[in-house]
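One structure, pasted below without further comment.
As written, the chain order gives the labels A, B, C and D, with residue 1 at the start of each chain.
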Amino acid sequence: MDLTVHIGKLKLKNPVMTASGTFGYGEEYSEFVDLNKLGAIVVKGISLKPREGNPSPRICETSCGMLNSIGLQNVGLKEFLKTKLPYVRKYDTKLIVNILGNTLQEYVKLSEALDDAGVDGIELNVSCPNVKKGGIVFGTDKKMLGKLILKVKASIKNSLLITKLSPNVSDIKEFARIAEESGSDAISLINTIPGMAIDVKTRKPKIANIIGGLSGPAIKPIAVRMIYEAYGAVKIPIIGMGGIMNSEDAVEFMLAGATAVAIGTANFVNPMATLAIIRGMESFMKENGITDFKKLTGGLRC
Amino acid sequence: MDLTVHIGKLKLKNPVMTASGTFGYGEEYSEFVDLNKLGAIVVKGISLKPREGNPSPRICETSCGMLNSIGLQNVGLKEFLKTKLPYVRKYDTKLIVNILGNTLQEYVKLSEALDDAGVDGIELNVSCPNVKKGGIVFGTDKKMLGKLILKVKASIKNSLLITKLSPNVSDIKEFARIAEESGSDAISLINTIPGMAIDVKTRKPKIANIIGGLSGPAIKPIAVRMIYEAYGAVKIPIIGMGGIMNSEDAVEFMLAGATAVAIGTANFVNPMATLAIIRGMESFMKENGITDFKKLTGGLRC
Amino acid sequence: MSRYLRAEIIENSPVNKSHNLLILSSSGISKNSAPGQFYMIETASSYDPLLKRPFSILKQKSGAAHFLYRIKGKGTERMRQMKNGAAVSVLGPLGNGYPLPGKNLTPILIAGGIGIASLFPLAEKLGKNAYLFYGGRTKEELLMLDELKGMVKELIISTNDGSAGEKDTVVDVLKDYLASQLSALSSQLIYACGPSPMLEAVSMLATEKGIKGYISMEENMACGVGACLGCTVKTKKGYKRVCKEGPVFPIEEIVW
Amino acid sequence: MSRYLRAEIIENSPVNKSHNLLILSSSGISKNSAPGQFYMIETASSYDPLLKRPFSILKQKSGAAHFLYRIKGKGTERMRQMKNGAAVSVLGPLGNGYPLPGKNLTPILIAGGIGIASLFPLAEKLGKNAYLFYGGRTKEELLMLDELKGMVKELIISTNDGSAGEKDTVVDVLKDYLASQLSALSSQLIYACGPSPMLEAVSMLATEKGIKGYISMEENMACGVGACLGCTVKTKKGYKRVCKEGPVFPIEEIVW
């Protein structure tokens, strides 16, 4: 049974990765998960300078989902390279670093440095709903997105370039195509969807930032649809995420067109979710006589 | 205690209406709900000619939500005027008719006829994700939307004009402003969000149309956020909907900026949901010493 | 009396490992349900599962309704966990039910798996005057056989795996039967309930043999009262709602 | 031994109408938890509620952990419905717990409402060597008083509505106490757990009086293991995670 999948030139042991921001820098979950068993680790979004993040409360639960507005709290590039990178590198798994800049120049600087440091992949976060500048502006403006990808692509030598698309657009196909045409090696989707909740007793927003990003099973149908649409629009591989809780969900994303999947909110519900999903996908293959995982991708029958 | 609210020139007994497509033509729920008690009834979307709708299966459940792709099955304008309209007119409640055309001309014809027939409001469905032509095209193209509203507005004399916005856009504020500038008396949001689900055993989409519209509690945070954003952008009243299940949810929508709310999927879960929500909102007012419902609108404290 | 009511669970016990018997009690429960009608039953107080699920009325006693359900997905899994004494919201009786046959006929009832729940009250009403063909994938899907035996003129069981009765699909068993003893069966009327492929096969067979009859259709439901248009099936007269014009349709009406 | 495990509910009984005692049993449950540590406990097998909820360890027995919880919202409401024998996933023990005081001190413990669950094991550990100020909105929020009485040097209770003890907030009661008999209390150390406004008032008071101490903070949590950065509080050294660097922080560290 062949569990390996290829995201461009990257060969993953299996199609299960972690979703940025939900798995810390790997270390936080190493007590629960043998990191060697993961297809790839995608770490929390990194910025050039350390970021403090947003005030509390930062999260709240909604029906079958949660809102977060962490505000990209992170240790910054320097500290990441010094302490976090070496930690994950002890493990035999691919490392993908999610990055967020305020400007095009910041994205380029981050990418160059990480590429030099030998990370396997760089994931452009152009869809974070929780920071005012940068990010989501690139994610919903086609021209700026194309330019950003071109520049970043030109600045990296070895790392795989992944563009994480914003779900906050009318037509995901257009943005997927721009990513492909501008040189992105793969796309990942979906990021959280901007959402909001109000405590009717206090009349205050449930998270201090007012608006946060919605994740979890609630958004799964939206994610599956966007992956299906993007799959019809581009040839580059798709990393699917958004509400995957179990191996059936993961298979659903692959049938819709994903080559690999990322597990986010599910880690909070079950810190061993990634491993359970890998095992479940293996069982699914056995039960259905599938010998090669790659055959699942886009295997929807309409 | 004053439960009345005004949507433009329309005075509603209370802020609770039904969401189009979830309450039939009123008659279907008359056994469970005294229609006289509702703020307004919004009936299933009407088109010029009767429509057959989409093949089955048309609905499936998702986590805290459901997908539907009814495909706007409806009796058509003529039959509506002949049998459905007179039925609802027996009741002392406002009647709003949701309409969908394939072309601008069809919208105009529908509006004229309904205005002549004396309906209280016309809700432009420019956001139905379940029909190929019309609808959502107007809903995601700013120029076309403006033109559509202008033309329809010019063609009606008495009825209130409500534009139902598509949630499938990057910036709801822009579309809300276009509706306001083009003469819409109110806006309603949100319609369902395009989504999809796959049965991993059969590998087939769970609904025949592949993509359907997601509704229910899952989408509530997205709806609340869009209402909050739209409220900041326009002065015309907002009818809020999307996952309202109980009176707390309804109050949440009003705090975010809605002047009235519409109950959709909740009717399926509890056929008396609208009445329970009206009662619950009254209790909420009593408990919190609020004497006028209008004071709730936009009452979020940040 | 309202068709939307709170009922108390007075029994929710396993019949076997994948089927439960549920008995709901409420003074408001209608005494006048027809065989083939159903209830929408709440399966959770949270929003996951969200929608009520439709279940045929197995038995209708005064103040109580009985249901037989197969544990299939998340809704029925949650139902299985409901305890005696708990209250659930239900909506019903819904749908049209089976039209009763003329006096001189001994109809053929065809049940596939849990389809028996819908045909059971019809068999009871017909009072030993029906042939019942009852098939399941395995023995485990054949329920209440003792009770059924006493209720019908003849009970012919079958399973796909041969674990009980003939090893064949229920429609093939019926086909053989019709071929050999159609004239002996003083019947020109079929009632069927079961999975969609079975109903299609029954319809083909009935059309071929010129036998009239009724089938109870299944579709995903949301409202149960004809409002959402979610449960439609294609008929010769356009889409019809399983919850309202159905679930029972004349065989010749359905477009497969 | 893994901190993520399945545990069996061996008791889940009402203490009064808004509070339950939960006892979980598992051979995997850690025997070495510290007072002030907590578990994340699953409240539903469906996805609504979705996230685990944090609860302080009330008692730690071999193979079993005890929790005291207040029914607050949908998660705890679902917990209330869980039956003996059911299995739940839990994650813990988590967080840092209270640093123990030097030998010569008799610390002041301040519990607001359900905050007692966190301070209970500390009081126990201190062995009759603590003053416990325990306040609730009403009598109903004052739990386990008999057990507590035997565990501390002095127990001073209060309620906002005067239904038990002094009619005052716990912090005001403490303030009066300190004013009148601070020197008598051989204490320069405070431990507090309770709602946020109470903790803020305690902090102000402590700062004013120059008393050191620790408070256990509360924030919404998702992961419980320091990964999501969702549960941060503002400290003088930037945002810190309640689930990891906390829940217990030195009073002077928190920025209100």
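In this section, a residue touches a chain if its C-beta (ideal position, glycine included) is under 8 Å from a C-beta of that chain, and two chains touch if they have at least 3 such contacts.
In this text, all values refer to a predicted model and were calculated from it rather than measured experimentally.
With every chain reduced to the mean of its CA atoms, the largest distance from subunit D is reached by C. Separation between the centroids of subunit A and subunit D, computed from CA atoms only, is 36 Å.
Between subunit A and subunit C, the centres computed from C-alpha atoms are 46 Å apart. Looking at subunit C, one finds that residues 47-49 touch two or more other chains. Along subunit B, residues 63-65, 216-217 each make contact with two or more other chains. Viewed as a contact network, the protein chains are fully connected, with every chain touching every other. By the touch rule above, subunit D contacts subunit C in their complex via residues 44, 46-49, 74, 78, 83.
Those residues of subunit A lying in contact with subunit B across their complex are 62-65, 67, 140, 166, 168-171, 193-198, 200, 202-205, 210-211, 214, 216-222, 224-225, 228, 243, 248, 251-252, 255-256, 284, 299-302. Residue ranges of subunit D in contact with subunit B, taken from their complex: 47-48.
Contacts from subunit D toward subunit A in the complex involve residues 2-4, 42, 47-52, 75, 89, 91, 219-234, 238-239. Of all residues in subunit A, only 63-64, 217 touch subunit C in the complex they form.
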